[in-house]
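Labels run A, B, C, D and E following the written order; every chain starts at residue 1.
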Amino acid sequence: MKLIGVVDTTFARYDMGGAAVSELRSAGTGFRVLRRTVPGIKDLPVAAKKLITEERCDIVIALGMPGGKEIDRMCAHEASTGLIRAQLDTNTHIIEVFVHEDEAPDEKDLAALADRRSRAHALNAYRMLFRPKDLERLAGTGQRQGYADAGRLGE
Amino acid sequence: MKLIGVVDTTFARYDMGGAAVSELRSAGTGFRVLRRTVPGIKDLPVAAKKLITEERCDIVIALGMPGGKEIDRMCAHEASTGLIRAQLDTNTHIIEVFVHEDEAPDEKDLAALADRRSRAHALNAYRMLFRPKDLERLAGTGQRQGYADAGRLGE
Amino acid sequence: MKLIGVVDTTFARYDMGGAAVSELRSAGTGFRVLRRTVPGIKDLPVAAKKLITEERCDIVIALGMPGGKEIDRMCAHEASTGLIRAQLDTNTHIIEVFVHEDEAPDEKDLAALADRRSRAHALNAYRMLFRPKDLERLAGTGQRQGYADAGRLGE
Amino acid sequence: MKLIGVVDTTFARYDMGGAAVSELRSAGTGFRVLRRTVPGIKDLPVAAKKLITEERCDIVIALGMPGGKEIDRMCAHEASTGLIRAQLDTNTHIIEVFVHEDEAPDEKDLAALADRRSRAHALNAYRMLFRPKDLERLAGTGQRQGYADAGRLGE
Amino acid sequence: MKLIGVVDTTFARYDMGGAAVSELRSAGTGFRVLRRTVPGIKDLPVAAKKLITEERCDIVIALGMPGGKEIDRMCAHEASTGLIRAQLDTNTHIIEVFVHEDEAPDEKDLAALADRRSRAHALNAYRMLFRPKDLERLAGTGQRQGYADAGRLGE
């Protein structure tokens, strides 16, 4: 039985963690989910690391929704840097799922994007854990999460 | 008995540490507070780490007020990066509370914002330590600290 | 028998990992190749580190195709920083091969660039492992990967 | 007997280390000073770390004068990031004293600023080592180093 | 007998490593030089670290010539950050010698600058290893590498 950690924020304006858990449930079996919530994206790195080192998660999905201002982009950069460092510290993948508040023209589209991206990355996490060969078959095919796939160049 | 560290700066123009301690006192019991003050925000990461490793704090609140110039934003970025690293080094949460000097139109509003944000994050620290389920119930609800909550998308 | 790791992404729009493996095969013998695929470039650092620490690779080639927007450049920066850190953590070279989506005027040229750069860096990885003196002879000669070499200054 | 490290650069155009040592001498007793000089600010992090780990300094003052161009600001950013990391590696404070070459309108004012800031931060280092309560009393009072203090908001 | 590492790149358009070695030879005796060449500046950090940890170098000179575009500046930033980290990991100085391709108006001047800066920093490395007091005497005197010294402020 594998353990998948899901950590999201109270700052996000959509239940991204819930969407990820829902997608995981329909992706397959053989795992349990452990969920945590922190205030903001800068709190994600250590929360994800604790899920790995203290709770023995085999992979973690870290979800957040940075604001649309310059300073928010810097916060997202700091959080991403920390998430990569947490992975290197633990030799364990943490799938980052960030949706920037200015990525969609209105709230409805933003919610839909957050839902799709959270689900697409939850599926990626599932594949990394249970079906790595599925990812290898998709190498270089322009996969996107939340938008339509870009596809191979020239196709 | 838990131990909560509070570290702030002489550079800040508002007693953010005092506001955080005051809020903690009214949030509940079961903890003691250990307070430190350093010159500026770049001194916060190691001060917070020492509160954890040398003083055995279970969580730390790190408060500062970066100036409003480009170079101050870079200082804040460096401090934030260090605070995330200190968390990963110790597997312990450090709640960052930064109020940028140019976030409010005048000194009075800035002081009020600094007070509200310090208190809101002190409450977050309390919840992380004693009531993590409260945070999970707020996942994806657009919580803000110092401003009105943004709420869920489309609501 | 040496072990060369090759890790690429499903996000890329060209089979950069395949091009690298193909070039390695024609460069020489004395090694086996281990291939992995992850969703995006931010997943490369820990994937490369795992190839080194868990699979005993002697060198890793990490390939990706960041998008052309400002936020994609930041992702590439975070991935690069992580790849350098993974190298320092393991005392092992990881050859980064990034092709930015806006580096070429159209899809056909971009595919050709991705192919050439992947192959040129695969050759570099081979040289680092088997023929380091070849690199020393090329010191300061303005080698480029994917474009024509720049050559020595003034020549 | 405490040990205070002072490290500065040959790049700086003012004897900032000398000013810091002079101020330390008049601040009090109970310590010895160990001084080092490196070429530029990027050499400061490891020099400061060596003063702590190899020479047993209890605190270090790291002084430099970055140039006024964009690339110099990036150098300062890299040096600052390294100084924070050196602190976290050693659980020891390193007080950074940087004066940017474009912070003053002419050379005379820049020299005066460099002198004042070096002295003010030397005093901070002394306080951190011997009189931490003095800093706590100054929490949130808008202290500045080299310029007039900003004071509390609204006062 | 001390050991000085020299690592440069095939990307650079001038034999900076050769210039550094030549200058070291005329600076004095009491050391051997170990030289390595890597493809680009992002490969320098781990190469320098390996020279220290695997080859027992007492100091390393890392030389490179970043291109003149925005993305090249980011590469240089990533390399510099890695070089500082490699120093902190090993408690050993690594002297970074970067010449940006857009620092000189034409190829001839750029080659001359690369030569002078490589030599000036090679001399710095020699001083750090054998004559640290020489550097202390130059503290705050506005030394430059490759350009005329800036001198003390007001002189």
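Everything that follows uses one rule, which is that a residue touches a chain if its C-beta (ideal position, glycine included) is under 8 Å from a C-beta of that chain, and two chains touch if they have at least 3 such contacts.
The structure displayed is predicted, hence computed values, not measured ones.
**Q** Quick check on the contact graph: shortest path length from chain C to chain E, in steps?
**A** Between chain C and chain E, the shortest chain-hopping route counts 1.
**Q** How short can a path of touching chains from chain C to chain D be, counted in steps?
**A** Steps on the shortest route: 2.
**Q** Same or different for chain A and chain B, when you check if over half of the residue numbers at their contact belong to both copies?
**A** Homomeric contact, different residues on each side for the most part.
**Q** Roughly how many whole angstrom separate the Cα centroids of chain A and chain D?
**A** Taking the mean C-alpha position of each chain, the two centres sit 40 Å apart.
**Q** What whole-Å value do you get for the distance between chain D and chain E if each is reduced to the mean of its CA atoms?
**A** Averaging C-alpha atoms per chain gives centres 25 Å apart.
**Q** Considering chain C alone, which of its residues make contact with at least two other chains?
**A** 77, 81, 85
**Q** How would you write out the ring of chains in order, opening with chain B and then chain D?
**A** B, D, E, C, A
**Q** Using the touch definition from the top, list the residues of chain B that touch chain A in their complex.
**A** 73, 77, 80-81, 83-85, 87-88, 91-96, 100, 121, 124, 128, 132, 135-136, 138-145, 150-154
**Q** For chain E, which residues are in contact with chain C within the complex?
**A** 8-18, 35-39, 42-43, 45-47, 49-50, 53-54, 71, 74-75, 78-79, 81-82, 85-86, 89, 107-108, 110-111, 114
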